[in-house]
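Mind having a look at this structure? Questions to follow.
Per-chain residue numbering starts at 1, and chain names A, B, C and D are given in the order in which the chains are listed.
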């Protein structure tokens, strides 16, 4: 098979850089296009010296859409929310596979964009065509769609941790409590004084409460598997002094009389073919370093049956499984490659 | 009034160092004794160059109890759990005021020491004399006791955040969920490879779950104010890459039909005379840096009435309000000084 | 003596915040004015919750110069380079003591401002009136001037470490090599993506080479004590993942046949009345934590006589001795207070 | 070609872990043996969850030397200095290729082991057989030796940066000044309170001065290329709050009348076939992040001809080019593979 021709629009942000780093070691692709207005005409090697491959590839301008379309089979969009819409629209119309890492096609209700992202979505008909590309849940849909909306980093961690239990009807979707600790790359390269080293170091800062943009996304997906029950999420994210990674503590009310063993077995069964999901036994806890620079999600489940409570602790790398890694996993599925191609085991 | 003569046994650990640092700027005391086996006969200035005052005071051996007793009115014990028991016993018998920062006198049930601290308590009669010295709750008892058991860092943060609501009967003591993020000084100078910089940096590590030693302490104190109801705590502490400070997310079930405003007003009223408690308005969130190197507790309350849930976010410095600062606050109360003496405003 | 009435223009940057923090504990002053365009009309307590004193003082607009003049005896300027010139001019004309933490009055040659700071200095006559306010060297001049130009953080560390040896004629001013490691607050709250946590953490970045703005300042001051010899500096600063503090490694060629003991003795003699200078014995090395949150400079001298080389290792806190602390030290001298007032021992 | 069978003795330290991580992605080898007393009988996947490959391989006991010998063609020793000597001796006698990451075979003068490492070397005849395996300098010797002594991290960075200039006779070997900033993994997993997160964070600490163990190693190698001149090194290493990486500032006296361009050209020519050496143009500075998790050395040269000084700024990853990466590079050379196999480009 000839290699898949790949483009990355927005290749100089944190997700874009990670995409390029992973793609540089992907045996089934050839990287043809990387764009960055800031670094236009500079070489990849001069901007990111430690990526290694494709050192002479030049950053180009994202507006050269005809060239991008001609040169690629699949294009990743790693742009701030709202910025990639015209590119997505054009490339989708040209028959390209579009894999969007932003929120622009995640939400099915156009009103949510006005409420949470402060823009009116110009391509509501495309929203209907987009697949919410959580690979372990929607593998089949991913395989046949040309518009893949990659889930947010927090939703990825939360949803993969609780969907098996929700589908069993064992936990109550009406109130999922999520406490999250996140590194700083999750906020991108935004020039915000709150993201300066001097402000983050030796600090912990809750933010985005109570209406973080990932809340409607989590609710939308919980509802899909909640069998008609209403969904509710209490979400408290905290920014901590580290670059990458998310640790989640999730609590929910048990609605079934199950044992710790039954819960673990069900989750293991659910993910028995999922190469990137690692379920730790009761009593073991994931650490962030288990998942750094990988596409893994690690989690463990802890039942407090006498209190009817279920606790899940989960860890992912926001740039790996939470963004670039998962996007490549989706590309692999879409093009019929093994999910793990270019992503480690 | 002649200055209170103070000794610190265990002055070279993190809590001990912080005690000495604060005492060095306390206008009502004179520091007479600092002990450290490791630094015996070395000067304070040579070991902790930036403390400033008392630079020529020498570390002495903690076993010189007669001298310690003769030279002091009050002795702080800042030793690992179980190590200070004979000192506490001797000095208490000599009529000294003993302020113990360890857990050795916090728990009223001697069995808890066997379960959680792995030693059999040799002075169970002293346990009955000890006051759990949470200043905002037990000011009167602190004022008349010669054996002050300083609360743990996590319990200080949790209890001060929820006791006003528990006393009102507005939240259910049967399940308090606590998610905590902590810096590394909370673990002391223990030589554990998990506390090396190389292991902590860029990592987040849940630990001590589900039976952290602070759980029985929190339960004991909740029960005192729970009006006969059983108490339950789900406690998940996470170690993060910072030296000092604790951020807490606490959720509980509402048991009364109250409004956000009523809740805030009640808490403000409860703490109206407490100089170190800062209650932020709804929508505002404490950051760790608000409390670093202070004796403050900052917290805010967030009611989700449609879900019958109450969320509290709180921040303290584990070495300040969580240890050394609070111990000095207790000393101030015991000796009739203003609570804030030597502790800022 | 009635308290000195103090104003701080630019009280919300890192140096300004540190000034206010230190002034809040200064027994000889009363803080009357703090300005910040960003926080105008907000209270100090709401912006910097952990300062403690003056919590109700409101930030005002720096352009209200008449009020500022009327309310104060001394005004600190803690503004970006070039921004405080009109304030300095006005307040100086009004007879106020002006203590400027920026570079605006440090350099005596107006051309240096064009070369290094990219502006044409509008008050060249004031440059002649300004005193380079390095307290340990120019105490007398500070005592009688109303315009104090506070030295930069690097120059403070470098100059105080080598001036005793230069004055003796023991080291060659023609090539002083300075390798410096600095925390991030030295760069202020500038919105530069290179100062984001995600860029600084786990990185080390040389910068400002070879023409850092502190080079002409260091050269100017070396020349004053070089007895007619030309001066040369090779200056390599590196940004490291920490908030505060500077560690310096300085090497120079020995020009005299002196022993280690003679060198140390001479430096100790030179600084025998300097409360903030700590000279460590040969073989001991200053650590950054010795000086954090203090007004100390720690350094040690190491002679390699067989190579004719002298090495100095020095540490200061860039916000303490390198900025706000030293500015208060200068104020103390100017107003006849003990140098250490409000600054610890 | 059948894959090279590899063993790693000491696979649980930082260098050992990095070796295993790199070997897991090396296409020309099969990992047969990993030893660790601490983790004996535990699986690689359970100890280092994010390595990916070889998850089921069990850690074995290093004393099972017969098995190790039988199962491997090449054995890496990643043990503390002095601990691997009997393994090296045995395996070398068995005809295995031994690649030792410790200092045990770096120094040719046995007395240096007594002076700097405090042990008497038991295999002085083996010292003569060992090759100092700096790949860019001793490629030919590496190709034909069965005992490869991998250089230390600091010497690797220093030597590769200055050998081209020393060989030209352009800088004076009599005094090379090296100022180094290092992360904490360089010290290994030693249980030393000075390596605790609480001690390293927000600190900078010079250490190992003036007789760091890498000084005799650097001197030995400088002498080899100094054409009979004496060699001298002034070495000041500083520990900084980061896990990995070394940044070096090296100054030397120029002994020839060369230009910046000539110096750069000579270095580029010297390394024209070296895939891991990146020479930046004058005015550009390497940052640590350019080399993190790579086998690169980045450096730039800056001549100050009017002062007869040459400055080199260099960056390497102490676990990459400074240890595990370079060891694999040496293995590749020894077994006739491309140097870059398994190490990126």
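Everything below uses one rule, namely that a residue touches a chain if its C-beta (ideal position, glycine included) is under 8 Å from a C-beta of that chain, and two chains touch if they have at least 3 such contacts.
Per UniProt, the chains are A, B, C, D = N-acetyl-gamma-glutamyl-phosphate reductase.
Just so it is clear, the structure is predicted and the values come from calculations on it, not from any experiment.
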{"item": "Partner chains shared by chain A and chain D (touch criterion as defined above)", "value": "B, C"}
{"item": "Which of C-D and B-C has more C-beta contact pairs", "value": "C-D"}
{"item": "Most remote chain, CA-based centroid, reference being chain C", "value": "A"}
{"item": "Distance between chain centroids, defined by C-alpha means - chain A, chain C (Å)", "value": "46"}
{"item": "Rounded Å distance between chain C and chain D, as computed from the means of their C-alpha atoms", "value": "40"}
{"item": "Separation of mean Cα positions, chain C and chain B [Å, integer]", "value": "37"}
{"item": "Where chain C touches two or more other chains at once, by residue number", "value": "183, 201-202, 241-243, 289, 292"}
{"item": "Interfacial residue positions of chain B with respect to chain C in the complex", "value": "49-50, 52-53, 55, 201-202, 278, 289-294, 296, 298, 344-345"}
{"item": "Touch list for chain A against partner chain B, complex", "value": "174-175, 177, 179, 181, 183, 199, 201-207, 209-210, 232, 234, 236, 238, 240-245, 247, 249, 251, 285-289, 292, 302, 304, 307, 309, 311, 313, 315"}
{"item": "Chain C contact footprint on chain A (complex, rising order)", "value": "14, 183-185, 189, 191-193, 195-202, 241-243"}
